[in-house]
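The next part holds the structures, each set out as structure tokens.
Shared between the two complexes below is chain A, which pairs with chain B and chain C, respectively.
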Partner chain A sequence: MSNLFDLLVAGLATGAIYALVAVGFTLLWQTSQTINFAQGEFVMLPAFLMLAAMHAGAPFWLAIILGILLSMILLGLAFKMLLVDPMMRHGVLPLAIATMALAIGIKEAVKQFFSAEASPFPSIVPTGDISILGHVVSLQSIGVLVLAILAVFGLTALLNRTSLGHQMQAAAQNPTVARIIGVPVERMILLTFLINAFLVALASLLITPIYLAKFSSGEVLGQAAFIAAIVGGFNQVRGAIAGGLLIGVLDNLAASYVSTQYRAAVPLIFLILVILFRPQGLLGRAEERTV
Partner chain B sequence: MKSTILAGALLAFATATSVHAQAIKLADVAELSGGGATVGTNWKNGIDLAIEEINAKGGVLGRKLEVTHADSQSNPGVARAQVQKALDAEPYVLLGPGYSGSVKVTAPLAAEAGIAQIMGGEAAELTQAGNKFLFRTSFGQQSSMPKVAKYIHDDMKAKSVAVVWVNNDFGRGGRDVVVKELDRLGSKVVADLSTEAGQADFAADVGKIKAANPDAVFVYLNEEESARILKELKRQGVTAPLMGETTLIGQKVIELAGDAANGARGHVGLTTDAPVDLIKAFRDKFVKKYNYVPDHNGLKGYLAIYMVKATTEKMGKVDSKAFADTLHGLTIKAADEPGILMDVTFSETGDIDRQSFLVEVVAGKQVVKQVLPKVK
Partner chain C sequence: MSAFAKPLKIALGLAVIAGLIIVPMNFNRYGLFILSQWAVMAIAAMGLNLTLGYAGQVSLAQGAFVGIGAYAAAIMTTHGWPLPVAVVVAIALSFAVGWVLGYPALRVQHHYLAFVTLAFSTLAFLVFRNESWLTGGIYGISNIPRPHILGIATSKPLPFYYVCLGSLAIVSLAVWWLIRSPWGRAFMALRENPLRAQSLGIDTKRYTLMAFAIGSALGGVAGALYAPLTQYIDPVPFNLSLSLDLLMMVIVGGAGFYFGPFLGAMIAVLLPEWLRFTEGYYLMLYAVAVMLLLIWSPTGILGILDRYLAERRTKAASALRAVAKSRLETVQ
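The block that comes next holds the complex of A and B.
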């Protein structure tokens, strides 16, 4: 039982990070029909930007701020203007393939300019344990979980409770009508790219102390987030959150109770089942035009 | 007539001079990227350092050493292709790879070409297949694992042990020997966990270890995975003593795992913290050149080059066909060849006999607790 509790906590902590990444995935899809296959690499890169800032002499807190800002410029603004906008005119598929190329480009660039070896990365959450319901739980797991949930709730509140959020939703659901009623659609789309960049930078900050900073670490994360987004519902932010948490827990339970060797297959099997029996995802809406 | 003789003599002299000055070409195939990047980069740097030193002193038998490095990407398939390419250039000796799986698929190629292969792999089976051209730079698992099992049983007094290993040739080879030895000594394996190479998340594996509640945990993974599991063991509050073999307490692991590496113990054939003056001098030279402390793979690469030097000087000629025969049964003494760092004897199978160390990580540093002498 103690084992199950530990697994749930660890799974939720990892799942919360998957959720952050998956939310960004769904946001980009909803507003600009961008399937970003470089999303995993988007999580890997900010850690290296922060490490580069630290190597240049910046303290950790400043490196975090610089890393997030640079991520928003590179992975938000530049990504949209230099890759998505020109490719989008040619359809969803060429854009998806272009993001695959971008993923390879980012990985190789990090390998070349930084290192092919893993690097340690400081944790924003202090190490140590606390006791919850008689169970010893690491502060890091709790910290990751809390920060990720706060970010997700903050985003949900922004989308559902503010005028800006409503404008973003309007731009996503029906850009033509949104334009007619005066919503600056282009600006809203750019905003989702910036939000995605912020979310991946936050995910990077939380996951890298555990997974280590390595050029290839985005592969696992990108795949997990993609599965999470589809399982939860590609057209719903809450679906991506649920999908992320579910995949995190499922992965840990599968590794523990099924087989370590087949752990990677279990979320994929689950994905197939969801596609077969509930193609819109667990919390997705079937009537969305883009799914 | 005279002018023809003179021209012939000049030509002969020129040829002789060019042969004399021609560099000895070595080929290295190592894990310069991918999961084994730490292994390959250290190995490569060790090689380059040794070659620089030897060439600065006039080379081997008056000829300079030259090496080409190729990247196996930590992938046996790529390693095989790179080794084939390297062998096509007819090197004097083949160096690497470091991963046992890559050595396993490349060793037949080198043997077929009749080129000696000095590698970093530690899987027991590598030198048990009758290959006459394969040489280790460190202990094989059949030499190191019995020492590990004995330490777990005798010194750690562990009656129950969790064994975590990486599911590849290296991990499986070590796991098989250590489990057999633990069983023979009477320590029970209460958790036998295979993990994947490149695995990022060890929460479930550590959960299983916690549930098994062993007296000791034996961790046998590659460097990066070792660091990740050490962090996770600390994160989940596992307090059972940790034992490993070489990788667990390597410099890179200590750097990556930080505090989580403290207290981990391991048997190492080679460590830059060994209380041996020549190794200390090597470490200083390496740090000066590369600005970081190498792990055992840096030592292995360095030793590989001095094995080439000592063997060639023993032969008195550069003869790639006779190289392997000469190295079999050869004892190289550090007093005669300081670059070899410690006295070493090579068996007929290409295995080595050398002193080794029991190490513990204390405050982020390897501390040698015991020195285990050479067997023969």
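The block that comes next holds the complex of A and C.
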């Protein structure tokens, strides 16, 4: 059983990171109907920004701050103003395609300007093992789990307990009425883009020490976050959190109990089943459909 | 439309076809490979255009069908079967799988459908990679022979380019006929207003499945040509990014326009080649070009043309009206 416990902890740790990415994904969908196919690349990029800062001589803590700030400017502000705003009124599909092109662009830029090879990345939580209830658990998993959970709690508190969060929810749920009662809808949408950029930068900081910094690492991550968001419920923040944790655990269990070859298939089959039998997601509420 | 527009269009079409036949005659091996690739991708994109552009069903799995067709052709031709038989099998197989994949489309729409097809695409990739008894796994299948057509060996690049071009011509004619047939109109009714289509007595269930199956079958055709074109296949070219690329081709060219896939495939296959002089930057420039184009015209390149023509028509019509009005006034 010790094996199962380890798998659960490791699964929850990666799942918590997926959750961060998936939450950002659903936030963008809710406020601006953006399906961001570049979300995985959004997670890949900040690690390289931080690495670049460190190469320029900045200490690790400063590189982290710079990386987060830069990704909020590039992946939050610039992404919204330059790509999403001009395309939003044209509907979901052209914007989704444009984000696919953006994903290619980011990948190629990192490959060209940084490196095509995987680079090691320092961990912000100390490495090593500790013993919990007689089980040896990697300190990194625990640290990642704790930080990710803190971030998720912070975000839910912001959304549910503050006036700002209520305004954001209003702007997402019914922009017209929100505007009438005086919510600055445009600013709220911008805020969700900034929050998404912060979340992906945080996820980048947490996951890159585990999987190394590589230009192509966004593909797997983006897909995992995608699946997490849909499985949990495309229109619910708590759904995305549950989905992320679930996919993380499922992925880790599948790797050791199904087969390493088909481990990636398990979340996918799960996704298809959820979409077919509960399209609103496990925790989501039903959306009105055109058909 | 003015009186000479139709002959002009026919002349332009004939000139393009003649150009595609004559100009590549003194191309080198690589140029012919790229042009053949364009023809193959145009076939696959045309299939997706049928599913997405005409029937309005979002599919992120077209790359998987190209893979299915490619593996069917590779496995059969390396075991001694002639390519035309393999093409028929590839069509039948992709049609059947596409039909089954169409069932989710009956339950879910839009982005959910996109995700189901995305999952299918990745699952197909896993099967290509892992079932090495059939597909050769990561080592792939090599020495795929090129066919003899009417007794002529097409192992050289130029004859095989003509095989690809000829296939593109046959598929183009078939699609041209299809979208003008009652089926094509039913597909468009499905896209514009499924509820109304149903109330008009169109069997929406059957046509949705049909749209998926026919679109997928064309993906299979493209794959069956891709295998002898590259003469070696492994799972990597058929991963999710091929499906995304094909979707980009259709949207960039202009979804729902007959000539959209030709243009889209041209941009996706040829533009990176033309940008190759920029070395490592070419894919980046391609990505930026796609984004700029979509910001400018979300309906793709043909959308720009369409808008321009519509504008000119309204202008011409209002000019005619003005003339008619002034004439009326002078008569009085």
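In this text, the second predicted complex is superposed on the first by the 286 of 291 C-alpha atoms of A that agree within 3 Å, B and C clash if a C-alpha of one lies under 4 Å from a C-alpha of the other, contacts with A are read in each partner's own complex, and residues count from 1 in each chain.
The rule is simple: contacts are C-beta pairs under 8 Å (C-beta built on N, C-alpha and C of every residue); 3 or more make two chains touch, one makes a residue touch a chain.
Because the structure is predicted, anything quoted here is derived from the model rather than measured.
Once the complexes are laid over each other on chain A, chain B and chain C both fit without any clash. Look at A:Ala157: by the touch rule set out above, it reaches neither chain B nor chain C. Judged by the touch definition given at the top, the superposed model places A:Lys111 against both chain B and chain C. Legend: residue contacts after superposition of the two complexes on their common chain; A:Gly91 is shown touching chain C, with no touch to chain B.
Looking at the shared chain after the overlay, A:Asp251 reaches chain B, while chain C stays out of its contact range.
Residue contacts after overlaying the shared chain place A:Ile130 against neither chain B nor chain C. Once the two complexes are overlaid on the shared chain, A:Leu102 sits against chain C while remaining clear of chain B. In the superposed pair of complexes, A:Ile65 makes contact with neither chain B nor chain C.
In the superposed model, the angle subtended at the C-alpha centre of chain A by the C-alpha centres of chain B and chain C comes to 70 degrees, rounded to the nearest 10. By the touch criterion defined above, A:Gln261 reaches both chain B and chain C. In the superposition on chain A, A:Ile35 makes contact with chain C only, while chain B stays out of contact range.
The gap separating chain B from chain C at its narrowest, counted between C-alpha atoms of the superposed chains, is 5 angstrom. Residues 111, 261, 264 of chain A lie at the contact with chain B in one complex and at the contact with chain C in the other. Considering their complex, residues 2-3, 6-7, 10-11, 14, 111, 115-120, 127, 129, 136, 138, 140-141, 209-212, 214, 216-217, 220, 251-256, 260-261, 263-264 of chain A touch chain B. Across the interface of their complex, chain C is touched by residues 35, 37, 83, 86-87, 90-98, 100-102, 104-105, 108-109, 111-112, 219, 223, 226-227, 230, 234, 261-262, 264-265, 268-269, 271-272, 275-276, 279, 289-291 of chain A.
Those residues of chain B that touch chain A in the shared complex are 32-34, 37-38, 41, 167, 193-196, 198, 200-201, 203-205, 207-208, 210-211, 224, 227-228, 231-232, 234-237, 252, 255-259. Residue ranges of chain C in contact with chain A, taken from their complex: 58, 104, 107-112, 114-116, 118-120, 122-123, 126, 129-130, 194-195, 240-241, 244, 247-248, 251-252, 280-281, 283-284, 286-288, 290-291, 294-295, 298-299.
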